[in-house]
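The structures come next, written out as structure tokens.
In the two complexes that follow, chain A is the common piece, with chain B as its partner first and chain C second.
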Partner chain A sequence: MSLEKIVIIGSGPAGTRAAETLLRQGCRNITVISEAPASGGQIYRRQPQGFGRQADEIYGSEAEKATALHRSFDALAGSVDYRPNTLVWNIFDRKVFTNGPDGVEEIPFDRLVLTTGAMDRILPVPGWTFPGVFTLGGAQIALKHQACAIGRQVVFAGAGPLLYLVAWQYMKAGAHVVAVLDTSAFANKMAASLKLLALPRLMFRGLKFRRDLKAKGVALHEGVRLTRIDGDRSVTAINFTKSGVTQRLACDAVGLGFGLNPEMQIAELAGGRTRFDRTFRQWVLAHDGEGRVAEDVYVAGDGHAIGGADVAELTGERAAWAVLADLGLPVSAERQSVIRRALKRQAIFRQGIEQSFPLPAEWLVDTPDETILCRCENVTFGEVRAAITELEPNDVNRLKAFARPGMGRCQGRVCGHVLAELLAAETGRPLEEVGRLRGQAPVKPLHYKAAAGMAEAGIQQWLEQADKVLENG
Partner chain B sequence: MRLGELARPALEIKIDGKRFACLAGDTVLTAVLLAGRHLRQSEFGDGTRAGFCNMGACQDCWIYRADGERIRACTTYVEGGMDVYTADPQHHVA
Partner chain C sequence: MAEANETDIAIIGGGIAGVASAYHLALAGKRVTVLEKGAVGAQASGVNFGGLRTNGRAMAELSLSLRAREIWRKLKDLIGHDCETEFTGHVEICDREDHLAAVEKWAPEANAFGVGAEMLSGAAVARRFPWIGRRMLGGIYVATDGAANPRLVTPVFARAVRKLGVTIREQEPVTSVGYHNGRFEITTGKGAVIRSPILVNAAGAWGKRIAQHFGEDYPLDVMAPQMVVSEPFARQVTATVDYPVNGRFFYVRQISRGNLLFGRGPGRADLDTSRASYVPQNVFDASRIAIDILPMLKGRTFLRSWAGVEGKTPDSLPILGPSPVRDGLIHAFGFSGHGFQLGPATGAVVTDLILKGKTATDISGFSPRRFKTS
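Up next, the complex of A and B:
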């Protein structure tokens, strides 16, 4: 048994499995903090109370997994200090800073398990800020969580497995799906098929989505380039080119996405190391192979590297075994080896997915100057290019300081990677050399009411810190 | 547009002073978008916005309560009698 304070952030597949394993193995002082009102994460997001759909209507072929995960969490929630609806906005001095229903709190921890999930990776397309354009993940949440479609005539555009999954789910739910515009050519998927066969069930599920969509008359275009989303007060059409021919499709909503980006801000604040992953073409957390990313800090799920829900469950449990080993408690070598083997197959499949749906980052050099790059602060590609040319920033954080992209409310979650891609492309440097936007507190907006609720001593400390910074220039 | 789940209790909220019917369990974002096609004006004059990520990450759907308090529309559920504004009702600087 251990009474060490273990704080888990996130209650999705990774957080649930981590908490379950720790509890079962004798940890008796666990806190689970989640910004969401209910467990499940984004992938197994639960509908609010009062909705009547059955699990298979919401989660399709994954209904059993979703239900099992929800049951696991519900069974453990009473045995841990569970704090839903609670934002973690900083990690500092071995304390988690939260803002929840009872206001702000500081929770000291002995060990920290981070399962913070991911959000859609977006490439800006002219017109992408019009009402009616949502992320693919956002379009899926509208359906799962609200039983709504994002529009009456919906186009799904971008790259990645989510593209076909969400289109299929919309079609099944009775929405009108106009088309799927896949930026990756069919040849990419053919070339990746051997890797995808590492998980045949998932590969054949993807093929089924395509077949069903085609059978229902949904237009599937592959190898397209998205050129413009038209709109007035909201979306009216999407334009794309395929084999040199321009086409225009009338629609009132677009679900847009190019895979996912890990949400690593909290891990960074906790001292987590990052590394650039060439396969993913993105930064991920650099752990030791078992989830250890800094002293007493462990990571799992899409928040540490994109892998999907099954990988999240596996790595959540893996992180728990690492915690247990470090606590000197017994670990199951058998389970660890099962997890390791399963993750190997998943990694091969994931390489296949990345090869099937490469990020068309080469578009960015041709994106028109007037296109918005940072949607929080309305910074255009032209303004960023001018800053790159005139001020010659050597990394993406300098560029942010010069031209303000990534400085808005989302803290660069949406445009940070675009900024890095553009800086690399415009200066002819490798992507990993231009760096990434640093995670900073508060990682999400904080009410000034919450700030005012902080202990007076805390504010005093903060003011002194600010004074020092000013004095030192 | 709604694709089902219509058997939930009806609620009424005010959006920019006008009454709209919605259902218990709707988020503020759902309710406002069903009442119109957009949510708010960008503070930087580049047009209307209607949320984007729907999961509390992009922060593009913050609107206002009558007292000027900000709420993130995609992660806030409607309550009967709620009074929300798509622009700052207290005329503070946005």
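Up next, the complex of A and C:
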């Protein structure tokens, strides 16, 4: 048994499996914090109270896994200190800083398990800021969570497995999907097929999505280049070229996405190291192979490297075993080796996915100057290019300092990688050399009022004293 | 492989003090090399509050500060970019008798230098700054004070300086400094050796370490002023405000694009990593003060907090002047939390000292000799 305080951030597949394993193996002081109102994470997100749809309606072929995961989490209730609707916005001096229903709190920890998941990776296309353009994940959330579609005539565009999945889910839900515009050529997938066969079930599921979409008359275009989204007050059409021919499709909504980016800010604030991964063409957390990323800090799931839901469950459990080992509690060598083997197959499949859907970052050099790069701060490609040529920033943090991209509400989560790609491309340097935007707190905006609730008593006394002085004076 | 480089003047530190020195020296036709361990203006000079105030400064600093004010006014003509400089005024507000008495004493003395400070009654504070949500006993206002964007100033200065022929070597830390045959020999982390008859120590919070190469040990501490920035909203806060609470200043301004910036430290600084981190408790305390004096913030959020590494002397005045032990060595460091405004004039003074051996600016309060260094 251990009474060390273990704080788990995230209640998706990774967080759930971590909590479950730790509890089962004798940890008795576990806190699970999640911004989400309910467990399940992104993929097995639960519908709001009062929606009565069946699991298989929402989760399709993954219904069984979803239900199992929800059950596992529900079984933890009463045994862990669970704090939903609670944002973690900083880690400092071995304390987790939260903002939840009771305001801002500081929670000290002995060990920290981070399962913060991922968010959509976007490449700006001229017109991407029109209302009616959603991320693929956002489009999926609208459907899963609120049971509504993002438009009446929807085009899904971008790259990655989520592209076909979400299009298929929309089609199944009865929405009108005009087309799927896949920026990756069919040849890329052919070349990756051996790797994808590492997980035949998933590969055939992907092929089924395509077949079903085609059967329903949804146009599938592969190897396209997205050139512009048209709109006035909201989206009216999307333009693309394929084999040199330009086409225009009328639509009132676009789901746009190019894979996912791990949410690593919290890990960085906790001292986690990062490394550039060539296959993913993105930064991931540099852990020791079992999830240890800094002293007493462990990571798992899509928040440490994109791997999907099954990998999230596996790595969540893996991180728990690492914690247990470090606590001196018994570990199951058998489970650990089962996980290791499963992750090996997953890793090969993952490489296949990346090879099937490369990020078309080479577009960015041609993106027109007037296109918005950072929507929070309204910074255009032209403004960023001017800062690059005039002030010669050596890395993205400096570029941010000069021209403001990434300084707004989202802290560069959306545009950070675009900024890096652009800086690398415009200066002819490798992507890993221009760095990445440093994670900074608060990771999401915080109300002054909430922060003020934690002020020390001396401040209040000063202000009250001042009131007295003024009354007398 | 050691590569040898000769230059007239070597400057260690590419903050505002070092780069502004390079600027004035280059204008005078000197060959200058600046050595910067990271990027120019990436330390204190690049992450500060951007406040350009003469208001409230120590008497010893006013001569330098007023010279700086003149340079800031002409910034665009000098370096080709205004770096968002604005002269919207600075007010220090008082809700304690002793504080009010102190500023009442300061004002006439400062005005003798030409600061142009104006005493305000409590009613005048309320009338002029209706967005201050708290009654005050009074205040002191300098209309010609202002602010600039620190993220731009030093890099833009550096661009101008390069155009004048100065060599700025970035990502090149100075690892040792010696003196042989009438020349400084400066070795960098890239293995280069730079030789020059004159050396300027503008290494900011690290200035103590440079001075130690010459056996001078200055009582320089590190401090880490800390900032918080809000989401943008329509501009209401039209002047920079300073407000002391429990012995520490809370200072705030709103930039033209709408973000509100305030500061209250101290954060934590580390000279070895060159990083500072903010301390959450200061953010909480400052937020409490902020929503009290600026009620407009009640429903608003902040986006980020950070701190910067700065050197602090016991009397909070910089160390600016010739080294007492080594001819040709000029110190210009330790600005103790308020050297951004002074920066451009610091460069002018360093240039005076090198070219003429003296300066018309009164820097008597900054003498390195005021400290026992061995």
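Just so we're on the same page, the second predicted complex is superposed on the first by the 455 of 473 C-alpha atoms of A that agree within 3 Å, B and C clash if a C-alpha of one lies under 4 Å from a C-alpha of the other, contacts with A are read in each partner's own complex, and residues count from 1 in each chain.
By our rule, contacts are C-beta pairs under 8 Å (C-beta built on N, C-alpha and C of every residue); 3 or more make two chains touch, one makes a residue touch a chain.
What you see is a predicted model; the values in this text were computed from it and never measured.
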Which superposed partner A:R409 touches (first chain B, second chain C, both, neither): both
First, second, both or neither for A:G428, with chain B first and chain C second: neither
Touched partner set for A:N90, first chain B, second chain C, both or neither: second
Chain touching more of chain A, residue-wise (chain B, chain C): B
A:Q47 touches, of chain B and chain C: first, second, both or neither? first
Which of chain B and chain C A:H447 touches, first, second, both or neither: both
Partner chain in contact with A:L463 - chain B first, chain C second, else both or neither: second
Contacts of A:A401 with chain B and chain C, given as first, second, both or neither: second
Partner chain(s) touched by A:L391 [first = chain B, second = chain C, both, neither]: second
Which superposed partner A:V104 touches (first chain B, second chain C, both, neither): second
Chain B/chain C common contact set on chain A: 408-409, 445, 447, 449
Contact footprint of chain A on chain C as seen in their complex: 39, 42, 46, 95-97, 122, 134-137, 151-152, 155-156, 159, 170-171, 230-231, 245-246, 277-281, 283-285, 287-292, 297-306
Complex contact set, residues of chain B against chain A: 1-5, 7-9, 24-27, 30, 33-34, 37-39, 42, 44-60, 62, 69-70, 72, 74-75, 77
Complex contact set, residues of chain A against chain B: 35, 42, 47-53, 119-120, 129-135, 137-139, 141-143, 145-149, 151-152, 173-175, 233-234, 263, 372, 375-378, 408-410, 413-414, 444-445, 447, 449
Contacting residues of chain A [partner chain C, same complex]: 90, 92, 97, 104, 106, 390-391, 393-394, 398, 401-402, 407-409, 411, 440-442, 445-449, 451-456, 458-460, 462-463, 466, 469-470, 473
